[in-house]
Amino acid sequence: MRRVAAVARNTFRESVRERVLYNLLFFAVIMTLSGLLLGELSIRQDAKIIKDLGLAAIDLFGTLIALFVGVGLVSKEIERRSLHPLLAKPLSRDEFLLGKFAGLGFTLLVNVGLMTGGLYATLLALRRGADPALLKAVFAIYLALLVTVALTLLLSILTSAAVASVSTLCLVIAGRYSDVILNLGDVVPGMPAWALRAVMILIPNFRNFDLKDRVVYGDPVSFGDLGWITAYAVAYTGTVITLAVIALRRRELT
Amino acid sequence: MTEAGPAVDIRGLSKSYRIGHLRGQRRQALRDLSLQVPRGVVFGCLGPNGSGKSTTLKLLLGLLFPDSGSATILGQPIGARAVRQSLGYLPENPYFYDYLTPNEYLDYAGRLFGLPPGARKDRARELLDLVGLAEAAEVHMRRFSKGMLQRLGLAQALVNRPELVFLDEPMSGLDPLGRRSVREIILRLKEEGSTVFFSTHILSDAETLCDEVAVLRGGSVVAKGRLDQILSLDVTHMEVLVSGLGPQEVSGLPAGVEIFRTMGERLVLHVPETQLGRLVVAVEQRGGRVLSVQPVRQSLEDYFFAEIGHPAKGEAWTAGA
Amino acid sequence: MKALAVLAVLLAAAVPWTQGRIDARLGTHRAQEEALYLWSGDQVRRLAPGFEDLMADVYWLRTVQYFGGQRVYAVNKRFDLLLPLVNITVTLDPRMQIAYRYGATFLAEAFPIGAGQPEAAVKLLERGVRSLPRDWRLRQDLGLFHYYFLNDPQRASQILLEAAEIPGAPPFLATLAAQVLMRGGDRETSRQVWRRIFEQGEGPMRNNAAVHLAQLDALDALDNLNGAILAYERRTGARPAVLDEIVRAGYRGPLVDPAGVPFAYDRSEGRATLARSSPLWRPNLK
């Protein structure tokens, strides 16, 4: 456990100092601040626009961070072999993987936290009130980011950095289009029902994590709902991480 | 782990790689390799590039999986986690983390060994002094030269005072000062009772450091033995160092005398022992001076070329760098 | 080095100049139009799943900026873009109440204030009512628009009653429903309608309602004025030459409309009307 923490710590440090992260964070903050400007241009919609923009920024940039920092960190370790001297020490491959996941998860937590802070600061600056319900949407977004990170880890172990980032991106996009996939049966007439179900289950359903509309319009989101969404995230992420552990155990590290 | 048995015992290890993605062709990197490394020695694993040295190390460390065969390290089968508490590994062309400093990296390594914080700090300082990186202790490794990374690589291999150290091309990228310091470290490790297993394609390094060597070629061991046995002294010829002779005087020397090397105004001559006396007299007659006389020693390079034959296409050797 | 600086300045100056040329040829709003005709609401939705609300905001902002809200007479507004823009907005976010109300207002108003498409406005409000069935304001607007723009007091009254039954609806809706039905067509009812809209409105919708109320006041003032002119004619046997004459004869009502523009007097017809130059003037004012 201590070793996993050591890997996590190191991962967090490394990712926090990656410049890519700062650029993305900067843009995210800018996006939220633009909400300030845009709000002025509308009629009585400024709070809504700022919330929409802020949550969208957290979602989009969080995903980009998860993707590129995630792929970069693990693929880079394997390709540049910084992993090798570590595994010669009493660190198992499993511990390494879990530590990486924890480190990235924590990195994302910090980033999401900063962006959320920026959003609330903007709302408070306009005296539009800091609506605590936004946190539910942010929490759901964070779960989605953990799913994304897990996918990047698995794919980085299975393939190269470039392929991993593209394929994770495709999965993330596909996961948002789940309503299109539902209708896949119409588009591909020969597709058997079981195949359709399989595709639906395999692809991560990111719509589950999209509470933005509901929160901004003030619809209730019960803790029961959040609980089930969390359970889905745990199940999906758990599966992917387990597969990643298996993949890493079998991978030849040339 | 403290039984008396070889430090490394390899039996019949084989490994092949798939080349290319589609055609299914394989390259045999190791063929039925067997090797024992006794404890407490400095063991050199020599061979041209592509002979399987790095592959062997990676198999021993569990980074790669063998097709067949087995091996033990300090009596434990490869892959056993407990034994890694006593191992050190310096990979070839090491790369660490751009955004960490040596102190942070060594702290990380220390944590992985379960060292308490005070010990980690002390050890880090000690090691950075040892490898000459004390001044760069807080510099991000992004800015490190190859030589600096190499030194850090050595430092991190020694964090746990290992019983068995694996070094893959430890001198690569270092300047002469660095190489000397690595040599000293290796010798000190041996003095402290550790076993050092290092692989290299630079023969002169092995010559000065190793107690035993194994020569790999094409994935198998083609020769091995104690260095003092391999490099026998050739007592039929003598090596004579002379000065003060110009080129024209040299041509008049007795038959059988061969100019081995020219070093400025000194010459190194090889002469059959029977002709030694005559040579000395001839040199002094011509106004030169004999500076030293010793038996000719076969170099490791000579041994190589004799045992292994000339380099095949694609192999690369270096006598000294 | 100097040469480079000069080059930089020249190139920089070329930027606004070329922009000016482009604008002169192609018009400043072309970018919006191009983007508009590329997408339908569903297409945009498919483009950015998970970000529909944000896209709705973007389209809403475009709508508001493009049609302004403050300017009453606009020269360059293309009202044929209003309906598509609003439709995309509400396709992306069916719950954006303000888009329905704003869109309907400016679709219904006659040119040059709006698009002059009252049926389209009503259709939009119907869509809004379907998406937000528990929103009494939308239903109220729907009813009022049937009354004012479609001249259908029966239907208007029905809808207003439906609105009155929505939980949270204010009590005056029922009263309004009755008024609309009974008086149907008179100025006082219209005044009630626009007063409600004014009180609930913001920004351009409120201003629009204010204009309507001012018009009604103007019409009242004109009624008085025309009555006075008629009385004068009967008394003196001739129409006044200028309005000052009836003032000298004792008339105390206003001679300027609520916007401060003097009423126009047509001697040949013997009637006063809103001056064409007044901001309150509309064709077919009733």
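Note that the chains take the letters A, B and C in the order they are written out, and that residue 1 is the start of every chain.
Everything that follows uses one rule, which is that a residue touches a chain if its C-beta (ideal position, glycine included) is under 8 Å from a C-beta of that chain, and two chains touch if they have at least 3 such contacts.
Because the structure is predicted, anything quoted here is derived from the model rather than measured.
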{"item": "Chain labels contacting chain B and also chain C", "value": "A"}
{"item": "Pair of chains with maximal C-beta contact number", "value": "A-B"}
{"item": "Farthest chain relative to chain B (centres taken as mean CA coordinates)", "value": "C"}
{"item": "Chain B and chain C: spacing of chain centres that average the CA atoms, whole Å", "value": "89"}
{"item": "Chain A and chain B: spacing of chain centres that average the CA atoms, whole Å", "value": "47"}
{"item": "Centroid distance [mean C-alpha coordinates] between chain C and chain A, Å", "value": "45"}
{"item": "Complex contact set, residues of chain A against chain B", "value": "2-3, 6, 9-10, 13-14, 17-18, 80-82, 84-92, 252-254"}
{"item": "Parts of chain C lying in touch with chain A, wherever the complex brings them together", "value": "46, 49-54, 56-57, 60-61, 64-65, 69, 93, 95, 98, 102, 202-204"}
{"item": "In the complex, chain B residues that touch chain A", "value": "17, 58, 61-65, 81-82, 84-85, 87-91, 93-100, 104, 108-109, 111-114, 140, 153, 156-157, 160, 166"}
{"item": "Residues of chain A touching chain C in the complex", "value": "38, 41-45, 48-49, 52-53, 56, 59-60, 176-177, 179-180, 206-207, 210, 212-213, 216-217"}
